[in-house]
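Below are two complexes that have chain A in common, paired first with chain B and then with chain C.
Moving on, here comes the complex of A and B:
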């Protein structure tokens, strides 16, 4: 007889509620049930967390098994016959809910989770309808702040352990645990520390009840009252996908939005809780012009006319006397328009956005690939502080793949050598403060070892500013101003583009301090506070006869402004940001511009018209179309996997 | 802070287990000895650091078990069993008697910090009920007279 080789089946066939399904081996029964269209209720189950079997809500009948089983902990097996609908299962679901509600305060009318609460929904759908519990429920002080952002209402907790598992398995800090036991069990951080984590806000979204609460959002809105707009976080270069939730033209809450390639379904606490500046009372929302040495409110027309006149008369005398310092936070469309105005209407390449020189180098791997690395070294920066969600990928590599990880200060650290010895699968992370010489050295070593280097830029649109050409020597798509791409842009923009590189930020400031700049445009940046040599920045802005600052707040640099143009925040406009990976991500306008503020693109477009643009841009989409038309799609390809 | 000897002891405990965290219960026990019979948060942090575990998790475990004391206790911890066998043999009266003598109730500590009085779950000496422990020492077949004498003796220590 011929030898038969029976291969272990990759898939498993089972029957759920009479329906046959085939799923990969190792799938949890609850996942298979969803695939079969069965509606198994659950609380503690979460596809990104390890099974816990903590809440018992997902009980189902599996044929040949003595008792009901928790579908979230049982892996499927061949020929399994499962029932999720029988009266027995129904009764179990009711029983579990009755138990869960014994100690639940049912204060839905004043609970922030009301209206989007899994416990509320499950109770409506599967609950017993009436309670037989007439005794005193357990009581706790409520709510108790656990850190600046999150508080806990322990009466509402159903001990599902999603929060503790998230902190241990995803954030990697184990900052929450279940304390005490039985009826006294509570969720708590370590008593001396409080809830110390960069990712605590995710537990608010994971909590299936209103136990973990956002402190800034508390009592601000009900979920059915706000409007949710797809957006992108403005706080760092990762570009986490977020939902901006707004009501009465104000930001209420930031939730995360799924993007498997970027943030999966997480954000850091900065993203979730530190974007309320958009609501700040301190925002300047009317244009201002300096009269008798004081900034006084004025009309947009007056402000823009003053800017247009100052810049065109300076440029007429010499295009070397105008300069612009852009930002790593404005959208791609705005960055593009900014440099186009300087290059065409003012004939100057004196534009930059950098506060210091750094190597411009695309990431060599994707963000997701970091989660699969075998060895990771962060050199010269702490990812947790600086680009927090990158840390979640690093921790994924550590916890799933047993990757080694070190965070070191120098390229010569032995940990770098150790990672390079791993060869392929080693990823070195560094930031824009690495010296070019160090990076070159590192690159050679990495190349021969087969390792990858990712230079991570800090801000939400650092790459946008670079790729849109807010650089003195580069046109969009990193094309050198002197080379063959210039005629293409001249044709597109309808006029000559200077072919000599302009001044970099540091040279602009030096020239300014020396009295060689007559008009300076500060767009969304703040050199007086963020340029390393603050004194130079301050004396330059002091000396330059005409300074226009376009921003949301009266920044340190705005103290020197002759004209202040109030810009709108990112939630008041649409556009795109380019993240650390070079991924272009769109964000929508969630609210109307606050006060008389205007989106940067609109301010620039109106100014452009006053400087003689033949056709204005009517919206970010107009600009985006031109960018798409002119962009070199290979700029960012690098040797990306 | 752990003494040098205690650290050595801890090293030896850890060696018995496949992972560091598996040594948590004996490590906490040792810490309780090092910290005058109870586990202040600093002790939990020290254990957590040693076993490379999040301190929140260590605190979670320490609060799960009643025999780890989370509050400062007296020099002598009197634990009188109040489970069924001892109870029917008069444990409650003994607890009251000791309490009166020391001027404290169940779960309290004398102002001089010398005695803490607790009711304990089964101490495993039901055959010789009623029984109690002071520190690690057992006292069985208790009578009001015996208890009086024992407490008097400890008062002198």
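Moving on, here comes the complex of A and C:
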């Protein structure tokens, strides 16, 4: 292994359209042609899929070969002389395009893909100007829904097999197959239950025509009408890079964005299709205050003044009577500001975001390293369900490197032992529900075997909440409240910071139920629904005299709110999220805040001013600057871009 | 008429020749015993001396294929017999498997010995129920007599033969699609050089694999019996030995015949009883439906039927399906039928074949229905040119070639079907058919 790494990669020299290029051995001709600046048209080729040679669009002339060859299937060889521009090649490409078009409905004006369609583009560039086909086109019933998210228009399909290959080679489920043959061949779900995959949405993006369609996006917008904003998925801890595409201040579509270290170019269906809640009509977009036991709309000033008064008067009596429960879904800037307000303006460490106790331990490998593991065991959770894009890395290891994989319920499962026997290159994955005794046991065994353990936290900013200090005993960067880092923060924040650890979520709720908490701030979380002991959470919120809930929806916890502050979704604000690896990734604001809602950072900043902050924050960048200044390098390292 | 040595059909008329006891009384399994005592490379040398070429259609020299198997590899080697005889007009393997299945089994033993393979699959066309039964019975008899299984006849050589029935797809007769189908995948062709290694390096289950036609392998036994050099004396040039031909269509005695390669077509026609009822012939197809036709003129009937001559005249020897057609046959009508066949059998993997065969079919249907346009004829040729050499496997070529042949010699028949619409060239509709 070590020898192959130190060796320079073997290269091959060839000539493409008179240009000399040198590429690594084994490179496909089409890749070399792109490198030489040759614009070879293609449909079925995709650099992450195995060569198919199905569409025949990339035919080129290779000297000394009898026939034209498909550039997407032929590996380069030394001294190859290739022509991609001759009239013969152009004529062949035009012939193939004519074949593809004879049965294509050419309904581009009403096709969702129109405007960003490879077939449309190729036709414009390489296609015949007129049709010679006067017969009846092929007909299929359409559109046919394949699952909740994807439907298929089979008349538009050009049988490139990108979708079936993606499902087989990348998603590893083979959920799509070709049914029937020849002219009647259609793409169909393998299962009678439909397109059963967590990754079906990727086929919509891969499809070089408008055959596979997003059902939520269908007929909603044209690609040239919407605005695309670089963002990060809010649905789980992987932090897939996404493009949020919006029009008329609404989310139209989520597409994936390339990030080789995180999601490559994929997303899961949850990320692509389950973020339309930002458009929901059930969102609360005006502040509300409880009057005569009913929540009534009010002005922001009224709401924030009530919150500020309740918290400062409670804190004045005793800082132990105020508490805050943060969230794993707010941005790093918001989490940071939240704990800063509690620690400085209210003098309390009663701040937490955890719904249960779990081991705080960074991943020992990167996400990408999972794709190169030799043995993988997922303990106590199913990656496909829980962090779907992690599964794509696991399947990569299985398919490329022949890694073994098991998903088991207990650390004592023989599969764990088998993986540890592999030693270096073995990666154990577990979620945040692993018992710390089990984890300690596992750590000992893994350490002696040379294996790695990754504890995968669930939410899009679980790590952000931890590293920004939304914990009763930790300041930002995991600094204990009692130790030497505190003075640094006191100087930065311009005031004393309590040195005793505060109450954790479960203690806050217990104290609340016992009547010891006077004011509770629920920021973006919903303890009544997500705290394991729901009755305790409900009775605590019932008992606490002043509860403020800051959220998008009137959640279960909001039923107990004295003041409800309408927050904006992640697409309405800018900020950063920290993914399971600890990678800090920025996201931009795609639309204006909906209605009268405000981004969490802005609400907190305005509240902070009412609580006496001397220098308010005017934007997430202001806060980020302070975080970068205060945090150690490892906890706010920034994205690599 | 020249003398026609009968090699494969030597004992064709012996009763119960499909029974192993009867077969063994007629030189049966002598060649297998011989091969088992020979070094594998010596077997290949015999085949080389015989000049045997693949009988499935492409005519690739058999010994070169067998020699291509890497020596001293720890991977298993596979012998796969292509018995997916689907080419319209061809039924020679059917008779071989029905009446002389032991010739195939013995050939498999010899071929497996030559390529050092211990596992052989016979992939039989799904519709061939009877040949399938016949071969299965023969394999069982060979096991019972100790010609298959472990340590065959004390030679230390093991061989197991499995029969795999296809599911009814012409495409699965294409060697790489056959391998896909055999492995349980969809019957679609696989990458070939220069995109991927040859099957002799990486065939079924990524292992060295030889795919041979039934007739090719069956010929191995007689070759070993008579000696490769003796077999190589039959025929001339590079077309050596005898070959089975399925003669069908408008002849008095349609059947399978064994002829020396290079026998003039006229002699074959006469052996098959001459034109049916003496009616003059119009054209013939030399090697199965995929090969371009020839007009039944003296020039073409006098051609010797061998690989090189057919190629030089713009057609192919193909699978040996010789079809004669008399004056009553319309060439466009026949081509319409053929195009329906190819469009139905296209696997759909690649664009030119999937779309091209379908388009050719639609144009033919329209021409036959009286909706043809003059430009359709050149369009047909253009479509054929756009398919030929550009499809993933040879099925596309196989669909295009017959049209090219038909239009070369019988363009006037297509033109005759196109109504004269000079007065109403902008209106496109079939003309009314005159009464009477």
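The rule we apply is simple: the second predicted complex is superposed on the first by the 623 of 641 C-alpha atoms of A that agree within 3 Å, B and C clash if a C-alpha of one lies under 4 Å from a C-alpha of the other, contacts with A are read in each partner's own complex, and residues count from 1 in each chain.
The rule is short, and it goes like this: contacts are C-beta pairs under 8 Å (C-beta built on N, C-alpha and C of every residue); 3 or more make two chains touch, one makes a residue touch a chain.
Please read these numbers as outputs of a predicted model, since none were measured by experiment.
**Q** Once chain A of both complexes is superposed, is A:274 in touch with chain B (first), chain C (second), both, or neither?
**A** Neither: A:274 stays clear of chain B and chain C.
**Q** On the A-aligned overlay, A:596 touches which partner chain: chain B = first, chain C = second, or both, or neither?
**A** Touch partners of A:596: none, neither chain B nor chain C.
**Q** Who does A:132 touch here: chain B (first), chain C (second), both, or neither?
**A** Touch partner of A:132: chain C, not chain B.
**Q** After lining up the shared chain so the two structures overlap, which partner does A:67 touch, if you call chain B first and chain C second: first, second, both or neither?
**A** In the superposition, A:67 contacts chain C only.
**Q** Between chain B and chain C, whom does A:189 touch in the aligned arrangement: first, second, both, or neither?
**A** First partner only, chain B.
**Q** Would you check which partner chain A:95 touches, where first means chain B only, second means chain C only, and both and neither mean what they say?
**A** In the superposition, A:95 contacts chain C only.
**Q** Please name the chain, chain B or chain C, that touches the greater number of residues in chain A.
**A** C
**Q** According to the stated criteria, A:178 is in contact with first (chain B), second (chain C), both, or neither; which is it?
**A** Both partners, chain B and chain C.
**Q** Show which residues of chain A both chain B and chain C reach, each in its own complex.
**A** Common interface on chain A, chain B vs chain C: 177-178, 180-181.
**Q** For chain A, which residues count as touching chain B in their complex?
**A** Chain A reaches chain B through residues 167-168, 173-181, 188-193.
**Q** In the complex, go through chain C and note every residue touching chain A.
**A** It comes out as residues 169, 171, 186, 191, 194-196, 343-352, 354-359, 362-363, 366, 375, 379, 382, 385-386, 389-392, 428.
**Q** Could you list, by residue number, the parts of chain B that touch chain A in their complex?
**A** 41-42, 44-45, 48, 53-60, 63-64
**Q** Which part of chain A faces chain C closely enough to touch in the complex?
**A** 51-57, 59, 62, 65-70, 73-75, 77, 92, 95-96, 98-100, 102-103, 132-136, 138, 158-159, 161, 177-178, 180-185
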